[in-house]
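One structure, as structure tokens, below. Some questions next.
In this document, chain identifiers A, B, C and D correspond to the written order of the chains, with residue numbering beginning at 1 in each.
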Amino acid sequence: MNNSIVVEARDLTVRFDGVVALDAVNLKLQKNELRCLIGPNGAGKSTFFKCLAGMQIPTSGEMIVKGEPTTGFDPYRIARLGIGIKTQVPSVMNGLSVKENIWLAARRTNPTKRANKIVSDILDRLNLGDLASLEVSTLAHGQRQIVELGIVLAGDPWLVLLDEPAAGLTGDEVERMISVIKEINDYATLIVVEHDMHFIRRIAKMVTVFHRGRVLIEEDVDTVLSDPVVRDVYLGKRQ
Amino acid sequence: MIVSGAKEIITTVIVGLVLAYGLPLGIDTFTLTVLSIYALLGLSLGFIWGFGGILCFGQAAFFGLGAYAYAISAINFGTPWIPFFLAIIIPAIIAAIFGGMLFFGRLNDVYLAVLTLVFTLILYKFMNVTAGEEYVIGKARLGGYNGIPGFETLSLPWDPSEYIYGDSLFYFSFTLLLVVYLGLRWLLRSPFGRVMIGVRENELRAELMGYDVRLVKTAVFAIGGGVAGLSGSLYANWAEIVTPNLFSLGQSAEVIIWVIVGGAGTLFGPILGAAIMGYLKFLLGQQSLIDNTLVLGAVLVLAVLLLPRGIFPVIVDAFKRRGWKRRAPANRPPRGRRRRRERRDEQ
Amino acid sequence: MKIDRRKFVAGTTAAGAMAFMPNVVQAAATIKVGSILDTSGIFDLYGKPMDKAVTLAIEEINAAGGIAGRRLEKVAYDTQSNMALYTQFAQKLTRQDKVDVVHGGILSASREAIRPTLRKSKTLYFYNVQYEGGVCDRNIFATGITPAQQAEVLVPYAIEKWGKKIYILAADYNYGQITAKWLEHYAGQNGGSVVQSDFFPLDVADFGSTIAKIQEAAPDMIMSALVGGAHLSFYRQWAAAGMNKKIPMASTTLGAGNEQVVLTKEEGDGILLAYSFSKELDRPENKAFLAKWQERFGSTDDIHELAVATYQGMHLWAAGAIKAGSVERDKVVEALESGVSIVGPTGKITVDPKTHHVITDVHIVEVGDQKMNVVKSFDQRQPVDTQTVCDLSANPNDTTQYEIKI
Amino acid sequence: MDYAAVVIVEILYGISVLVIISAGLAVVFGMMRVINLAHGEFITLGGYAAITAHSLGLPIFISILIVAPVVVAVFGLIVERLIVRFLYGRLINTMLATWGLSLLMIGAMTMIFGNTTTGIPTPISGFTLGRYQMSGYNIFVIIMAIVTVLIVYGVLKTTRAGLIARGAMQNPEMANAFGYNTSRIYMMTFTAGAALSGLAGGVMAPLVGLNPASGANYIAKAFITVISGGTSVVSGMLSSATLFGSVSQIVTFLSTSVIGEIALLVAAVVLLRLLPTGITGRFLKDRV
């Protein structure tokens, strides 16, 4: 097996009550790659994402991370492999402060002192200093996205999974998100599920397009975006 | 949320001393003892519900198990102190096993509620049919509906003829209440406590951080079971008899009422709720004008409708606007997240 | 007489203090009778009439001049059918109210909850309830009928009338288990046999499968020691299946809470019972008692076995205290142990000095038209069950509740 | 074999009792995601309504089949307006409030009717099955269970009201947009559930001795049946009632009724452990 392949899906299939959400998907991911998954609603990209994150058990097929089969792992075991996950709707601890949220993520792998240090680093890095002691439930949607990103970073992951990171962000925040993603990509592998074409254009290198539970095409970003079939599927299906 | 530890210990001890001297002036210690015991039981549910996000409809199960564990082992050992500790450990272990079964099965919400309820019902029904001679544990007959009377009660470890009884049982129970309260406060401040709160806030996120939510919840449930067991063992010492009614639906309902009335999401609230409702019940018992159950029910309905956060947080808010973490009224969460958010909305 | 100086000082101080508190003088002069009963909650069906019986007996005793010239005063608490409140109120009665005697307790569990408290505080205790027997404690007098007293007369009568094969249904707790054993014991003595004994927790209300099982066993009769509201469903379901026409039934429990009135004629008629009391008892004392109750409370509908036992328990205690000339515990106990008897609505009752239980008349009654009609009376039955295990004149320090091995 | 027939009738009867006492709760839970913990007291109230009506001289079948459901429906309507409607969407809060309501009702019924166990005689006489004498009323209960299921199914599946109600429960915003008043639909559904509880009380009244605390005997079983069934009103309730009814009756025949009840509870624990969202949470999802 090629050592540089860190994530591999083999014939991954998910069925819900007879509806096929994923149909024998095969996908490989190189180390330090930044892969974008796109596709219209219901194309299967989010289902694929959930299988990878341990939030969905595939009906059949295999998921392999760094040579180890992870099919059917619970999310916490996936996370313990060093994988950071940001879900579609920000999954944060609403009743806790920004700082406490990030601290909890940092504390799992670090002793208290070191965790405190990591928290302050991340608050700086994401410009969250002003919000540090506010309760997350009081923040705007975009700010919560950033907090969630901070949580992901605090776990010091080598693989980061982001589901629609740009949704609901203001212009400034999008810029910050883009720069953080690029920064993360310096040392970690990334999978980004996204709708927003402009955003994809800004960050993507390789893009995988899902359609009706299958991989339609897997090419570099320019090829994909100029592909007439993709345009058709995407725009046609969207409305 | 976090006051400095030393300051809190000092405050608690001072308030405790004042109450320990003040309360017996107005209320007899026999009643105060049972109020302290109820407070401990309320505290156990307040802890797992308010901080662990586990709504147990059968907290009485562990209360009863503690009382029975004490009575049965006191008859077998003939001394009170080994049973006293067994009455904490056994319910905690049973809670760990039962909780583990539930949480590793990923049961939540109403399903958790129904199974904890069923658990109490099974114990209740079982204990009620143990009148026959064949139901013996060591030297102790389980006694069925009539329960187990006549076991050794707590005495001084260095002088077994000196029983902890009457006033001293009150001071003993009250001290334990303070100790457990401080212990749980300390636990909540520890890293484990924060993880636990994190799990309550958002299980999925805690999982995605790499915490094994099932294990955390099982541990929380076991601690709650141990505290309820302690309270049950004190109860056995107070009442000098244990009966299957300790496992009854009514007993479980009362605990939930205490926590709701006092305020879930705080530790002091359940204590206050238990004391107020316990005393109210006692007072109601001395009149026959209006049915006691009716009043308890009305209090619960009104509390849910008017004071869903409980009395204690409202008092705290009234006294100081700052310092207590107020929850912003939760907006209706987006559809997809409703299930997960539900628990929080309800507190 | 030598006057101890300290006692004298204490006495004068107390007298001085009392001069300023006339109420205390009065209170000290009355005799306090503690009553602890469930007058609300699920057992109030039993407790309310018992409470009335205490009131009536106190009024009668006071009208007759009280005890040793002192009037009686009732101090009552409602335990709300909650066992926890029993210990709580027993403490209150002994510590705060400092009563001279306690009458009360309904369930055996409630009696066992307060018995140690009353013993420790040396407060005399009367338990006036039909119960499983076996309590052996010099501080307590149990004036209710016990299973052997009922079974001893009921079983032979029923066997002679109906046949030898008996199917027993009993409540699944001490009372039911022990009663079933006595029924079996007397069945054996009288040439009968028990084909099956089934026990039901007090909340079981569905007897469909049991009725089918009984038919499978085809006994000559049913003996029931079922207890409480839920078990009442059995009689109803039994009649609904038409079984009451096929297999006759006897019971040691039906009617203790006036259940014969809740059942219809069709459901209840023909069931045989054994009690010390029935409203239909044709005795002058009973008629007088019913008349007084009617006058005091307006209706005699609620009177039952336990209320009468309480009424007689009060009078028995008063007779002992009058004989002793004091309400001091030890003196009253000695007086009662010397063999005091009274004649009450049920006839003559006498204290058995060895067991502190009572020797009483027992009557076999048949339910008919929602009444308990007396068919045969047996005079002065001994508490034979408790007598097999308990001898307080030999072991005055015994405090056990024995489970009688037969 | 006669005995086998008797056993089968008893099993059917066991299932029917579960269906009857669960139906009201199932409708309210399945349609509205509301657990009414005062359900047991609703049943008890139905029982008292039937007994009172009968003692006032009304014919017994009118008392149990009409008076009981109507009285409890009216009561349910009042409860919905005063309490439940403020708590929609907050499952646990509704459970707590209705638990309070149940205590309140026990207290109130004690004050009104007293603690004495009462009842009405069984209106149908027994019949003979081979060597065995059976209760005719048990057969009536089985028939009533079938009728109840058919009514609930029929209303939900075939009538316009049922369709609107199902739609509104699935997607309140949508129903609102179509001009249906969801608040009214909730109100009607809760009232219908209460009527079913009242019917259960009426039907059960001749079988059991009734006292204000009787509700406790029903609520636990009904709660377990409904939750284990899952969210589909009819198929969920039917499947779990069948499972639990058979388990408890068979075990009862083999041992005692308590072991039967414990078997029912253990079956519920095992079932929910294996299928954490109930039977229809896993299978039969799209049924009514």
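Here is the rule we go by: a contact is a pair of C-beta atoms (placed from the backbone, for glycine too) under 8 Å apart; a residue touches a chain by one contact, two chains touch by 3 or more.
Predicted model only: the values in this text are computed from it and were never measured.
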| query | Measuring from the mean of all protein Cα atoms shown, which chain centre lies nearest? | reply | B
| note | Outermost chain relative to subunit C, judged by CA means, is A
| B-C compared against C-D, more contacting pairs | C-D
| request: Compute the distance, rounded to whole Å, between the mean C-alpha positions of subunit A and subunit D. | output: 47
| said: Can you work out the whole-Å distance between the CA centroids of subunit B and subunit C? | reply: 38
| Distance between the centres, which are taken as Cα means, of subunit D and subunit C, whole angstrom | 40
| Distance from the mean Cα position of subunit C to that of subunit A, given in whole angstrom | 75
| So which stretches of subunit C touch two or more other chains? | 40, 172, 199, 201, 203
| Which residue numbers or ranges of subunit B touch two or more of the other chains? | 125, 128-129, 291-292
| task | Any chance you could list the residues of subunit A touching two or more other chains? | result | none
| All touching chain pairs, where touch follows the definition stated at the start | A-B, B-C, B-D, C-D
| query | Of all residues in subunit B, which touch subunit A in the complex? | reply | 191, 194-195, 197-198, 200-202, 204-213, 325, 327-328, 330, 334, 336-337, 341, 344
| field | Of all residues in subunit D, those that touch subunit C in their complex | value | 3, 6-7, 10, 13-14, 17, 110, 114-119, 121-122, 124-127, 131-138, 206-209, 211, 213-214, 216-217, 249, 252-253, 256-258, 260-261
| Any idea which subunit A residues touch subunit B in the complex? | 53-55, 74-76, 79-80, 84-85, 87-89, 91-96, 100-101, 103-105, 107-109, 112, 135, 137-138, 151, 155
| Mind pulling up the subunit C residues that touch subunit D in the complex? | 40-45, 172, 198-201, 203-213, 215-216, 228-233, 236-237, 239-243, 246, 259, 262, 264, 266-267
| remark: Contacts from subunit D onto subunit B in the complex sit at residues 35, 83, 86-87, 89-93, 95-97, 99-108, 110-111, 216, 220, 223-224, 227-228, 256, 258, 261-262, 265-266, 268-269, 272-274, 276-278
